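Notes follow once the structure below has been shown.
As written, the chains take the letters A, B, C, D and E, and residue 1 is the first residue of each chain.
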Amino acid sequence: MMEPILRGRNLTKRYGKVVALDNCDFELYPGEILAVIGDNGAGKSTLIKALSGAVEPDHGEVELEGKRVQFASPNDARHAGIETVYQTLAVSPALSIADNMFMGRELRKSGWRGKYLRQLDKQAMERAAREKLNDLGLMTIQNINQAVETLSGGQRQGVAVARAAAFGSKVIILDEPTAALGVKESRKVLELILDVRSRGIPIILISHNMPHVFEVADRIHVHRLGRRLCVIDPKDYTMSDAVAFMTGAKEPQKTAVPA
Amino acid sequence: MMEPILRGRNLTKRYGKVVALDNCDFELYPGEILAVIGDNGAGKSTLIKALSGAVEPDHGEVELEGKRVQFASPNDARHAGIETVYQTLAVSPALSIADNMFMGRELRKSGWRGKYLRQLDKQAMERAAREKLNDLGLMTIQNINQAVETLSGGQRQGVAVARAAAFGSKVIILDEPTAALGVKESRKVLELILDVRSRGIPIILISHNMPHVFEVADRIHVHRLGRRLCVIDPKDYTMSDAVAFMTGAKEPQKTAVPA
Amino acid sequence: DGHGTSACLITKTDTNPFFVKMREGAEAAAAELGITLASYAGQVDGDHEAQVAAIEACIANGASGILITASDTAAIAEPVRDARDAGILVIALDTPLDPIDAADATFATDNFLAGELIGKWAAGALGDDAANAKIAMLDLAISQPTVGVLRDQGFLQGFGIDLGDPSMWGDEDDARIICNEVTAGNEEGGRTAMETCLAADPEINVVYTINEPAAAGAYEALVAAGRQDEVLIVSVDGGCPGVADVADGVIGATSQQYPLLMASLGIEAIAAFAKDGTLPENTPGKDFFDTGVALVTDAPVDGVDSISVEEGTDLCWG
Amino acid sequence: MSEKSDNYEKGLEGASQTVVAFDVGDKSFLMRSQSALHKTPSLVPLVVLVCAILIFTGWLGPRFLPQMTLVFQQIQVVGILALAQTLVILTAGIDLSVGAIAVFCSVIMGQFTFRYGLPPAIAVGCGLAAGAAIGALSGWLVTRIKIPPFIATLGVWQIVLAANYIYSKNETIRARTIREEAPILQWLGLKPNEQFVNWIERLQGVTYERIRPNDTDQFLLDLIWQTKITYGVLALIGLTFLLAYMLRSTAWGRHVYAVGDDPEAAELAGVNVKRTLMSVYMLAGLISAIAGWSLIGRFASVSPSASTGLEGNIESITAVVIGGISLFGGRGSIWGAFFGALIVGVFMLGLGMARVNPQWTFMLIGTLIILAVGIDQWIRKVAA
Amino acid sequence: MSEKSDNYEKGLEGASQTVVAFDVGDKSFLMRSQSALHKTPSLVPLVVLVCAILIFTGWLGPRFLPQMTLVFQQIQVVGILALAQTLVILTAGIDLSVGAIAVFCSVIMGQFTFRYGLPPAIAVGCGLAAGAAIGALSGWLVTRIKIPPFIATLGVWQIVLAANYIYSKNETIRARTIREEAPILQWLGLKPNEQFVNWIERLQGVTYERIRPNDTDQFLLDLIWQTKITYGVLALIGLTFLLAYMLRSTAWGRHVYAVGDDPEAAELAGVNVKRTLMSVYMLAGLISAIAGWSLIGRFASVSPSASTGLEGNIESITAVVIGGISLFGGRGSIWGAFFGALIVGVFMLGLGMARVNPQWTFMLIGTLIILAVGIDQWIRKVAA
């Protein structure tokens, strides 16, 4: 079998009395869409934070392309090519859409003004931001210079998703990317996900939307009580089974874990 | 025909260049579940904020039970019996679940300690909070004294929904209450909505989840570009029609507006 | 005729009763002579910047004369020169400028002498015990404004202690000095500083204080420690509450100065200058006009001139 | 796919209904103290305080510890101001006027007694009322005119301080005058233990001239006499308990935290933000006035130029921040401010007793404050 | 229902693909100025400034306006400090040490020249480097040891101030000495316009003894002579432009705002928060040192007891807050701080020229600060 591109082993994270991750394992293979599903509070977000450097696990290790990595900050993970959309979106409320979209990788003007004065190319960034949002079907944004805090819930999420899709190079992690999106915008995001995979980049998708998950996922990691319960192939199981596993209504057979 | 319990006329709200509400009308009838659907950024949240006193419209009026009202703050609306779950949840991050749930209507101890020392009955509040969360199927909360900021996205939303359901007396407004919730928890919220209606309290439900909307709504208000495009009866139209209306793919016939 | 004449009074602060009285004296004299008076002050003792801005406002307003108690005696020389270049008579009150001839005239107390008087008195009152006295020095502020340094060093000189560098306090190595603490020149600082000194050595028997409010605060700390009757407190200023404290035995002796006199002399000098350009003259033998300083005590000591509390009360200000 | 999609919620039947609980197993002492610190972060400044006391005891020997009662007296004013400051800071505000209010109210208490001849108790009442009224002014500026608290209270600070100088004509009322004619003004400076010993001795018919400790043969009475605690210190401790109760166990307290945490969320959740803020500023003004009364007790005289008027704000803010209370509001315990004030007091007295020259003391205090908070951060990190 | 559910996305076919735009119609002058204020909120303090100037011109008559150049000189130090303060406040911090750094660096520049005999230009360089180094210390405390900025810079303030007194031995270096031996130290106090007039006159071979304005027959040269702008004022204006550019048009500037807005979000979004903070504190230290150089220019001498060391922090914060910059970080323009400093300067000089007595001035300044910010709030509300 192929080497996983991203792997977690025995990840554990406690917050005081609360156990958010409990010896959890995880694998993501090259070129696949891996869905992570689980009850609210199961520890999905904590898991991906541990993988992307936003949280330091108490125990356990993370491997990227077979090499052990220790990300001290999300920035490290980003430099390693892992791009994440966090559930809390991680946008700067008072800054504009374009500022947020290009935060940390701003475009500079060409020529001496960019080189010596380090001047930003605001027009280019605004144009690119507008295009990316249109690609997501977010046509209702009236003013590209609006502060993000003045956007609607869905528009805000669109900004975060567009950012990740534009810049991810090795792994893209999406934590409930369509939660606040409308029908049209959700559809666009699913298309975007498939498009990204077709470029060969693997994706981790956390979602509570079973039809979406079963539509796009290659494999489904079922998370329960802070650990991986099983990994299932969406072609072999029904949504009903998946829901039963994640809520504890049914126990998976041992063979459900193929990895 | 019946008098609407809550009505908005000609509501308009601009933010600088952005027009969020554009002469919008709105009616909610006693005992009904009214769904409000629309694209991201269509102005749904702004509409319900105008109705609940969280935003002061530039023009237009709001009537509650036929009487013109002007809510200076959400508190006024709440005292008039309108309980709202905002899309941004409106929780105090550093405070505990119970504190948040009972914010503004804390329970005092019985006897002299409550009466003269105004002492809070923390145990009672914690117990009640725990029960309400269990009703919503949020069993994964390990510590009822956790600060809300440490909860998972879905757990946080559960706290806000439980609060509204527990205290609304005349109208309950839910802005995307299941966006971050899992399958089980979403189902519980839908049950809760039906249960509230059976107690005779009308509900406004904003959601992007068409199956949910068509399952529970009595009427559907379709919002587009800051105004009410039409109101449809879910028995007369398909989801496909509704989606077509709200995204501008199809124009409704005039008769689609029954109110 | 002083008609149309305007004058400025610039003090270190406007909260210290000393300067409040000085202002009142100047206002009274100005009213009498028909001079328009504008007063300015820093926010804290040592606020040089505010004094510069005040001089600039006086120049902008075309004043005829400026009376100033400088916070930074050397640094103020420059803006004072600008004012004199603009044809304004500048008189230093209370504190001489550095150099003293930076101002047209100086009406001042000799602060070093004021300190020296109380130092001599304290040494005299202790007699032979002065050799193993335990002294607490309650100074003004850690930025060591000149008045504070002059009085402190004057006291030590009078008491017979080697000064080290006379331009700063705290560098002496005489074992009789138990502590140097700062008081901000008020009761609050005086009490806390005295408590700290007593905690370091409860046997302290001489307390030098920068001014009378600080002395009153120190006294409260001594009362709390039950040592008020065994300790000599000396101070400087001669304000009426201070003289009353001498009468009550709170303070052993204080050096009295005369702010009202400084102010009224200053205003009169400006009036004379505006009239016909007369410049004020110095006290013979000194490079400034000495408004005098007198030691107030009811326990005179041989070899130190002093006036009684009764006389002091007649002359006191505030 | 379409045949599975619609009924996937069937899978819910039989979903687990138990609440999760993890067994964390036996706890070592270290873990238990960690979790204690985690649950009650206001213990952290207490730990720092104890360290500071230990260090000075090590440095200065046994003569330091008995001076702790002196430390309490030295912080009796700034401690009370820090309580007032805490309330405002918990709402994400700041009150630069607390020190000026204290001084002005002490002047009002004194002048109303001596200038207008009011009974001292009534004059004290007027002073306290004035404090609350000035607080109400700040509250009004913040809630109605929407001036940021920093600016509103900066303005009020300057206004109150100037009013204080103008109204008092910069005249000090002397300790002796007050002691003889209006001792109530000095009440917070009296020592209940001295009163108690005197009372016992009067009962016994003996009168020792207790000037210095340990000069009688009554060991117990000597000890009580020696522990010089003033009513002002008791007032500080009592107020801290009272406010801790109000903040923790009443609805008002929860609202104060909620307003500081996120005022918009609090408003949407049903808190009357304006009323809460108003009550906080008024209460802060009242407590500052109590500090003013305590100021008379501590310094015996009434002086309009007390440095508290200028430095009370920064000193109280320092105590609050050392106590681990966030300047961004919504987080921290009032006990933190109490311990914060004590930590600074211990440093000041300790360095003074060590005969460090005042300029170096100033520098060391700066260093120690940073160190104290650094240790605080470190303990928090280890405990997290 | 189940027959409709699965394919409801069919409805998307033909969904509108145009971007929304509303036609807001013709704009009146009022609406246009509203939207100008809305887009550029830093204009608001400018409006307040203009009001203040108009009021004083009305009160004092024509003699006030020509003094505006004096106002610029009077704020040349605090204005530069306010720029440094703005940077730190934009990151949701606060820097209490700016004033002390300025004074200490001015002392370093002076003492390095006169005590160690270094060439003055190098001594200035050392002073600037010391400022940046002290800033780096604060930055290190804030980013590595995680001390809250208030406490870190409070400690640094005390340390620097004490070091300043100790190192300088409280000695002032006199103006004349500097002028004769190291005029570069005073460079920011020189007036280019005077230099220009002197240069023209030297070319023409004339020399007027220009002591007071308007005493020659050369109207134009008189006018230029009269407009007394120092290099320090030009430095203030130049620095403001430079920082405005850096904040608005470079990535670094965007990061500063992002860090102040929400540090966690900024970190998650890819900003190196620690490095950004470090650069801000160092830059603030450097700018404070420039203010120190300007201090020598303005006061001609080098004085360790300059009150900027004590009051520079509160004065700069006041300017920043009057300029509409949020103390919670992430919001506001550096121009606000510039106008804020000017507003205070206009009040101070105007009241001084109006011969208001100092205690009343103090009170009026307090009132006016509240009023200025009140008007600011009101304009913002109307413009929103």
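The criterion applied here is as follows: a contact is a pair of C-beta atoms (placed from the backbone, for glycine too) under 8 Å apart; a residue touches a chain by one contact, two chains touch by 3 or more.
Everything numeric here is computed off the predicted structure, so don't read it as measured data.
Path length between chain C and chain E in the chain contact graph, taken as the least number of steps between touching chains: 1.
Using the average of C-alpha coordinates as each chain's centre, C ends up farthest from chain B.
Contact tally for C-D versus B-E: the pair with more C-beta pairs in contact is C-D. With centres defined by CA atoms alone, the chain at the far end from chain D is A.
One simple way to say how far apart two chains are is to compare their mean CA positions; for chain B and chain C this gives 72 Å. In this assembly, the C-alpha centroid of chain A lies 47 Å from the C-alpha centroid of chain D. Separating the CA-averaged centres of chain B and chain D is a span of 42 Å.
The residues of chain B that reach two or more other chains are 16-19, 88, 139-142, 183-184, 210-211, 225, 243, 247, listed in rising order. Annotation for chain D: residues touching 2 or more other chains are 5-6, 8-9, 11-12, 15-16, 20, 22, 165, 359, 362. Looking at chain C, one finds that residues 14, 43-44, 142 touch two or more other chains. In summary, the structure contains touching chain pairs A-B, A-D, A-E, B-D, B-E, C-D, C-E, D-E. Residues of chain E that touch chain B in their complex: 1, 4-5, 7-16, 20, 22, 24, 35, 38-39.
The touching residues of chain B, counted against chain D in their complex, run 54, 73-75, 78, 84, 86, 88-95, 99-100, 103-106, 108, 117-120, 122, 130, 134, 137, 139-142, 163, 183-184, 187, 211. Interface residues of chain D, counted against chain B in their complex, comprise 6, 8-9, 11-12, 15-22, 245, 249-252, 254-255, 257-258, 261-262, 264-272, 330-331. If you check the complex, the residues on chain D that touch chain E are 2, 5-6, 92, 141, 145-148, 150-152, 154-159, 161-163, 165-166, 314, 317-318, 321-322, 326-328, 359-360, 362-363, 365-367, 369-370, 373-374, 377, 381. In the complex of the two chains, the chain B residues touching chain A come out as 15-19, 38-42, 44-45, 87-88, 138-143, 146, 150-155, 158, 176, 179-186, 208, 210, 225, 243, 246-247.
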